[in-house]
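Same chain, two partners: chain A is paired with chain B first, then with chain C.
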Partner chain A sequence: MDGNLRLNHFFVKYFEAIRTLVAVLIGFGVSLLFIYFISDEPVKAISTYMFKPFDGIRRIGSMVEYMIPIMFCGLGMCMMMSVGQFNLIGDGANFLAASAVAYISTCLIPNCPPILFPVILIIAGAVIGGGCGVIPAYLQSKFKTNIVVVSLMANYILILGGVYMLLYWMRDPSKTYVGSYAIPEAAKLTNIIPKTKVSTGIILAFLATIAVFWFLYRTKPGYQMRLIGKNAAFAKYSGINVVKYAIIAQVIGGALAGMGGAIDTLGKYDRFIWLASNGYGFDGMMIAVIAKGNPAYIPAAALFLAYIRIGADIVGQTTDVPLDFVLVVQSIIVMLVAAVSFMSGFRQKSVVKIANAEKAGV
Partner chain B sequence: MINQAYIIDFIVSCIRLATPLIYCTLGALVSMHAGQINMAMEGILLTSGLTGVLVSGYTGSLWLGALGAFAGGVIISLIMGYMNIVINADMMLCGISMNNFASGGTIMLIYALLNTKGSTQSLKSLQFPNWNIPFIKDIPFLGKILSGYNVLTYLAFVMAVVVWIFIFRTRTGLRIRAIGMNPNAAASVGINVNRIRFQAYVYSGIFAALGGAFMTMGYLSYWAQNMMGGRGFIGISAANLSGGNVLLGTLAAVAFGATNALAIVLQTLNLKPELMQMLPYIATILGLVAISVAQKKRDDNIIKKAAMHVRLEREADEAKEAAVRTVR
Partner chain C sequence: MDEPILLMQNITKVYSNGFTANSNVTLSCQKGEIHALLGENGAGKTTLMKMLFGFEEPTEGKIFIKGKEVKFKGALDAIEHGVGMVHQHFMLVDRLTIAENVVLGSEPIRMGLFDKAGAIKKTKELADKYQFNIDPTAIVSEVTVATKQKIEILKALLHGAEILVLDEPTAVLTPQETRELFVQLNLLKEAGHTIIFISHKLNEIKELCDSFTILRKGRVIGTGLVPDYTPHMMSAMMVGRDVLLEITKEDAVQRETVASVDHLSYFDVTGLPVIDDISFSVQKGSILGIAGVEGNGQNELSEILTGLRNFSNGEIKLNGKSIKGLSVRQLRDSGVASISEDRMTYGCAPSASIAENLMSDRFFKPKYSRKVSLKRKDIEKVVNQYIKDFDISCTGPNEKVGDLSGGNIQKVIVAREFTSGASFIVANQPTRGIDVGATEFIRKKLIDLTRTGEVGALLISADLNEVMEVSDSLVVMHKGAICAYFEKAKDVSEDELGEYMLGIKTMTPEEIGLARKGAI
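Up next, the complex of A and B:
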């Protein structure tokens, strides 16, 4: 087998991974182009964007901090995608859970023993997130409503609800800015890297990744859910309760997003201060798409997104470029990764070459 | 407190707030008839609103501004069409990504051109005028309800008729409906399905672009970051509610406009604005549920009728056979 043919074999075998990589690189290249054309000092801005996220423990820490909530939201989205539902409630679930957890810890039960307190709060976040996840799932299975539209509309409602809680239930009137009362120290997650805000949340995020992977790929209900996602009709005729498992998967998905919100709030902030969506839910969608719905790839995808996000953040703070270009980059990557026919021509050529070589060999 | 002036104000603000929703609904209807869901509506609104403002501001011409808005809508539609049709990315994913693309891209664009972040208030752009209809404006009650809107509001209702004619009375419209009903059958009679799909995206972009133009060159006089607040999605929902019927779609859009207006009125009555702002979204979800219940009932009725028909036929046959047997 000559080298060229071996290359073709390699290309066909790892086609999906290569394609994802190319999509990501194209997206990254586009972001560099954007900065180049918009900035007055392109070289400085580009080097800031590419290298500053690794400059010092604080910056690396902020990448890790960013990974925590989006990993949870991404895992939640993996659950949604496993049953083939594009339920985008993660954004609202994450936000409402974060707000509710802040409310519970500051106003409802401010005196609670340390270790137990964050556990209760994270469970509360999961319950709230799961409750949010059930709305679009139930409406979709019962009434066949478009799940994307319903979940997006529900997101607006949930986010307004979270903001309402902040403004009227837990706002600290002694502060000039809008913010909740201070979250009690006992409720906060332990910091594990000094000088940063990286909390035990990152450990929980990796544990959750393992748990979701194990659940989806090593248990019976997980297999049933993936079967529903691949072919709902087949799953139905093989005796799986499609409606039940689809809803359960989406409740778990919402719960994961809710946990992400709770852990983010308890690990990173002194007060709840958000007046608009922080966009973690859509970041989660993006990394779930890049990971092709497989929880095993979520940490890598999250790290990449955290890298370009934090890079964009630093660019936005230190140079003249607005950080919103990263949205454009994200959407290009998502579309290219999702595009079935993207680069399929190359694959076809390789397959033909391999086939011809085999024919010649015979 | 509820007097005539109050009612007039309410109706006027219903119609005004419904205008962008009507355009979105029309755009969504076109793509719906082609069997697609154009989720990028929100992005089309944002982009067309911005390009309209920019072109009118730079050229000083309202007509060029309108063309700019069309161009913005068409660009988003073309990218969406390329991603969805040429390289086969999932339709929903494309739409959501295009919305993100638009919300980031518009901010980049104004930064590159105006050096500001978040809004175009620094640029002096033009607005479409309000139209006081002669004679009708002097009628006591009706005059205030019918006259004095932005020209784009009147155009919205005209466009509803245009879209109806376009979908149901033109060759392109027929083809769009054909590929929506059964793409394979349409392809078998020689229709280029992908080209028509592309066209459907572009037309839906054009109709929705007028909504964007209204938002930035009629309702407000500038473009601001994330100003559309889900109007695109509400338009898509209105199109879903209508089941493809243009008149019903327009009415649904007006109804959603009314919930918007109601939210604003209730806020002035000292109710919490955050709760009131939820109203249009809640109404949208409830509307989607209601229409699906109604559709299910209709389908059940059809099945029931069909079953009854079959039974009656069988009974008639049996009676006939029995009659034949007795004759023997």
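Up next, the complex of A and C:
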């Protein structure tokens, strides 16, 4: 009985974490069912999906490579969520910054000393991303536009802007495929794991995670931003400049997404080749939702998403299951994590048990 | 005894935050009686009634109506079984007429269309039957609060309510309106209706009710017939100790003016004056009370004084300096603190911790932060001290404010505002809806703070007891204007105050003008 009660206390205390975990497991379980029903060789497909991502340094490398940009975009989304704004500009910011960084390095300043070169480019990516972040934030505070609608629509403009740069400003005509001129070696980030494309970007991503966590939870501006997110009316009444800090948070959010775009381009590719969004911004949104907006959980959420993505990739290449099934998994997880009442019945039962026990004890 | 018309048996309700609002509560009412449901705020009265009206489901226990067990899935079920509810906050369509509101949900139809004449006739008949003096064609937004309450009662009666629940109906009424309501409730009783009357005003219970049930901390403490008990006995049962009903305080000491308001006006978007040319001043060492029925410009006034709203005409000076155009931060820096009337919207961030809530107006001060980062250890030390000083019952500085009880949430807010070093405190409804213990504590703190001689306070309250007991001097607001000023709040009678609040009486401009000079 006593142990049972302790279990109830534990359940109530860590409810949010348990709930997220259950949502993830259900999503994962459903994806297994999915494979089971559509595949002619379900056992092979499932084992491919579950274990192949860890099979060999190359595949582990792909997961880590994938984590880099989505961690930055996820951290950016955490900044947006800290002030209570669902600003989805991250995707466009990430893409435009990636494209712009490629353009700057191939056409504008191709002869820059190493070390300094990537630093300048990453800063440029941050500035461009920050500029993107301000658009929906400013329109909302000035004209009371809906931030979700504006940011989603603005994404099209930003992404097509990036594609335009590729097609008309930096396309290498000597190539049969569409691609930019080659990015100078001096601009690239150093590779840290041989046989993979994992660059120093992953270190930067973890540093950024620590920095964003510190900023939000330990500094004055971060405190003000979180207070705005929790209750903007109260923040205003306490004397906090709500408009200013909400916009700053979203500029930082855009800047992080932009840095992600720059670092991905400089760490992984020889040329800029994207003709459509790579979706990192929305992946970032997804992991930020799974992490409940807390930067500390971003690496774990990013690892999980990278795992199911790479798993799905391998399944799509080596078995008869199309890789799109992974979208089902993602949708279920995000829906369950975002669903406020999911599992609240279980929590209620535990709460009642604890309350009754306390009453009996008094 | 006959079978009760309503029996709520062994009801237990546990909310999702673990709070047990009702614990093994049994409530039984006879047909044709007025039954008082008594208890402090937070004792579980409203929760119990929510279950009776189908808004909440009991965790355990059964409800019987006329001996038959019922299970309500929603308000419609409850209405079908003859339960009618008059909420504290009226649920009316402001832009429709009284008749249209009364028949809402059971509209008379003629040839497939809404029968307006029929609705008016129906309303008129019903109103006449119980001597409700109303005009069915009046628009709801233009009638008084008392009339709105009558509309709610008529609506419930039209839906066939036999058991009528009134949730603190007199809280929004003046003494005169209360008396009129009692006459009508007695008529309803004679007509065979059963009334559950929720209140914590003992004199009203004594005057109106036949029997009572007292709740305390979610449990039934006692039940009986009203004539068998004195108000004092009931009061002791409600709070479990003798409440200090009268606050003892020293007289205010006359000091310099901390805040002065001169010919202040504020017009809303439609150009109507919400605050209409008011002048008063507040001295350090004293409390000026603002009495008035809610919605007569008090909230706008408090928002203007705290920088959340701009004013149209006039002048406000704080320590001799005009506050026109100052931001909230600048105002706070120049010595204003405020307790908002809307606790959960402006007073705190429920999902933030106690520490985060306590620091919201001062985190930037050198004591709590360096150039960029917060001094977490120092903050925690101060917060723990506040928790102790203000007797906030919680698990620690990191507990979420939203998980505390109403009284403790208000204590967090009061702890912040009273320790901000302000010289002028605007307290808007500081004790509304919180338990007696916390109420007493907060009132006493406010008095103590002003008696240091460094702080002047403006106390806005719809609770007559509060403004009369706590304030040193008093103004009454009606329709945005000041209609009365009393130099000594203690010398005013409740009835007199009621007449000014209703706008029946108004003082001469000379008498009101004394408010500008301030107390004594």
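In this section, the second predicted complex is superposed on the first by the 361 of 362 C-alpha atoms of A that agree within 3 Å, B and C clash if a C-alpha of one lies under 4 Å from a C-alpha of the other, contacts with A are read in each partner's own complex, and residues count from 1 in each chain.
Convention: contacts are C-beta pairs under 8 Å (C-beta built on N, C-alpha and C of every residue); 3 or more make two chains touch, one makes a residue touch a chain.
Quantities reported herein were computed from a predicted structural model and do not represent experimental measurements.
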First, second, both or neither for A:Thr190, with chain B first and chain C second: neither
Dominant contact partner of chain A by residue count, chain C or chain B: B
Which of chain B and chain C A:Ser47 touches, first, second, both or neither: neither
First (chain B), second (chain C), both or neither touched by A:Asn4: neither
First, second, both or neither for A:Arg347, with chain B first and chain C second: second
Partner chain in contact with A:Thr318 - chain B first, chain C second, else both or neither: neither
First, second, both or neither for A:Arg218, with chain B first and chain C second: second
Intersection of chain A interface sets (partners chain B, chain C): none
Touching residues (chain side chain A, partner chain B) in the complex: 34, 37-38, 86, 88, 139, 143-146, 148-150, 152-154, 156-157, 160-161, 163-164, 167-168, 282, 285, 289, 321-322, 324-332, 334-336, 338-342
Chain B residues touching chain A - in the complex, by the definition given at the top: 37, 39, 83, 86-90, 92-98, 100-101, 103-105, 107-108, 111-112, 117, 229-230, 233-234, 236-237, 240, 272, 274-275, 277-278, 281-282, 284-285, 288-289, 292-293, 296
Chain A partner contacts - residues on chain C that touch it in the complex: 14-20, 23, 59, 306, 308, 327-329, 331-333, 338, 340, 345-352, 356, 359-361, 363-364, 369, 372-374, 376
Chain A residues within the chain C interface of the complex: 12, 214, 218-221, 223-224, 226-227, 230-231, 233-241, 344, 347-348, 351-352, 354-356, 359
